[in-house]
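Starting off with a structure, shown below.
Order of writing sets the labels: A, B, C and D. Residues in every chain begin at 1.
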């Protein structure tokens, strides 16, 4: 399941959507908007996507992960729009029969998502400064 | 935070208890009672602990993890008693400034918990057979 | 006398590229049988406000990443993709 | 004539050990200055229903794992710990 929209991300709903009596291990990753990056305070982030391409790539990531690991259920959710610190901006949930696979697949999904998928964030600081964040800073 | 009792495990509560505006990454692991192990059907599991020692060891695991990784918040919860398939039996939640540490710490915590902490489970099959589960089978 | 046939490609812009251009799409004229590499140069020349960003852009054709050797057709869905930073 | 001083240690039992014994604790008599290794043997000899499991047990003294060389004091909190399988 993939989702890319402006709706709040519900960790409990995600867990229940992937948990299964066939899956002994479930791993949920939540990305949270940080208040501080080094000594720089974030007022809010603004997320934007190339919606059509990003959705296709997220669906493709899910397919690739299902080929590499024995995934029972998988969910990849990214939120868009203006997000304040402590808001969940991205989530990946994976369930597998044994836990090692769930950890590996969830890690691979979030790492690959951040490298490739056309989603951008603009950081708005507390002094009015704003800039597009470059990869590898979070 | 550590907890070892008969109460249901609430994934949403755990996520919120560890999420923080200082932590960009949160990883939640949920262990779920599987219905099948190979072709053997589980009716229910019965968990038992050496409560005093297990609680001390869980608290010690949290301390060790906090020394190895820059953990913002950490929760380790294990449920006891009779648990049916699809029930959450164990959960680990970790938040860290950057996601790699949250994945590593959560993985280390659940792996080490399963190796060392005096908690046992007895598997009750659908034909009335029951046996204590040996390590490495789940 | 040789006739240079050209095509006009509409490029979708996102994030920093959209802000640099002040709009969501730009038209770029390039020679027929042009490539993404030629599109990148033409974008810089025809829209100087994107010249600083152009070397750092990725491009997608019909929602797939394309490299500088990929041919660009006139009615392809072309997008300029600044370095991503999702999550 | 030598006098062998002995101590009686109460061992807490869990999981398969508890079920094999049919109870939650057992008393084991061993020589003063005895070790966990001697306790393991004495447990097998004095409570044959645990003989099969004894080689696979870990022991804890005062809630910490102890090896076979660790000395056992009379009033220590001793526990027999079958292979764990939490999670």
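The rule is simple: contacts are C-beta pairs under 8 Å (C-beta built on N, C-alpha and C of every residue); 3 or more make two chains touch, one makes a residue touch a chain.
Keep in mind it's a predicted model, so treat the numbers as computed, not measured.
S.K.: Computing the C-alpha centre of each chain, which chain sits at the greatest distance from chain B?
M.R.: Chain centre farthest from chain B's centre: C.
S.K.: What whole-number Å value describes the gap between the mean CA coordinates of chain B and chain C?
M.R.: Centre-to-centre distance between chain B and chain C: 51 Å.
S.K.: Nearest whole angstrom, what separates the Cα centre of chain A from the Cα centre of chain C?
M.R.: From the centre of chain A to the centre of chain C is 28 Å.
S.K.: What whole-Å value do you get for the distance between chain A and chain B if each is reduced to the mean of its CA atoms?
M.R.: Measuring from centre to centre gives 23 Å for this pair.
S.K.: Would you pick out the residues of chain A that each touch at least 2 other chains?
M.R.: 31, 110, 138
S.K.: Where does chain C touch two or more other chains at once, residue-wise?
M.R.: none
S.K.: Between which chains does touch occur?
M.R.: Pairs flagged as touching, ordered by label: A-B, A-C, B-D.
S.K.: What residues on chain A touch chain C, complex-wise?
M.R.: So the residues of chain A touching chain C come out as 31, 47-50, 52-54, 56, 78, 89-90, 110, 113-122, 132-135, 137-138.
S.K.: Quick one: in the complex, what on chain B touches chain A?
M.R.: 10-12, 15-16, 19-36, 85-86, 88, 95, 97-99, 102-103, 106-107, 110, 138
S.K.: Help me check something: in the complex, which residues belonging to chain C touch chain A?
M.R.: Spelled out, the residues of chain C in touch with chain A are 12, 14-16, 60, 63-65, 79, 81-87.
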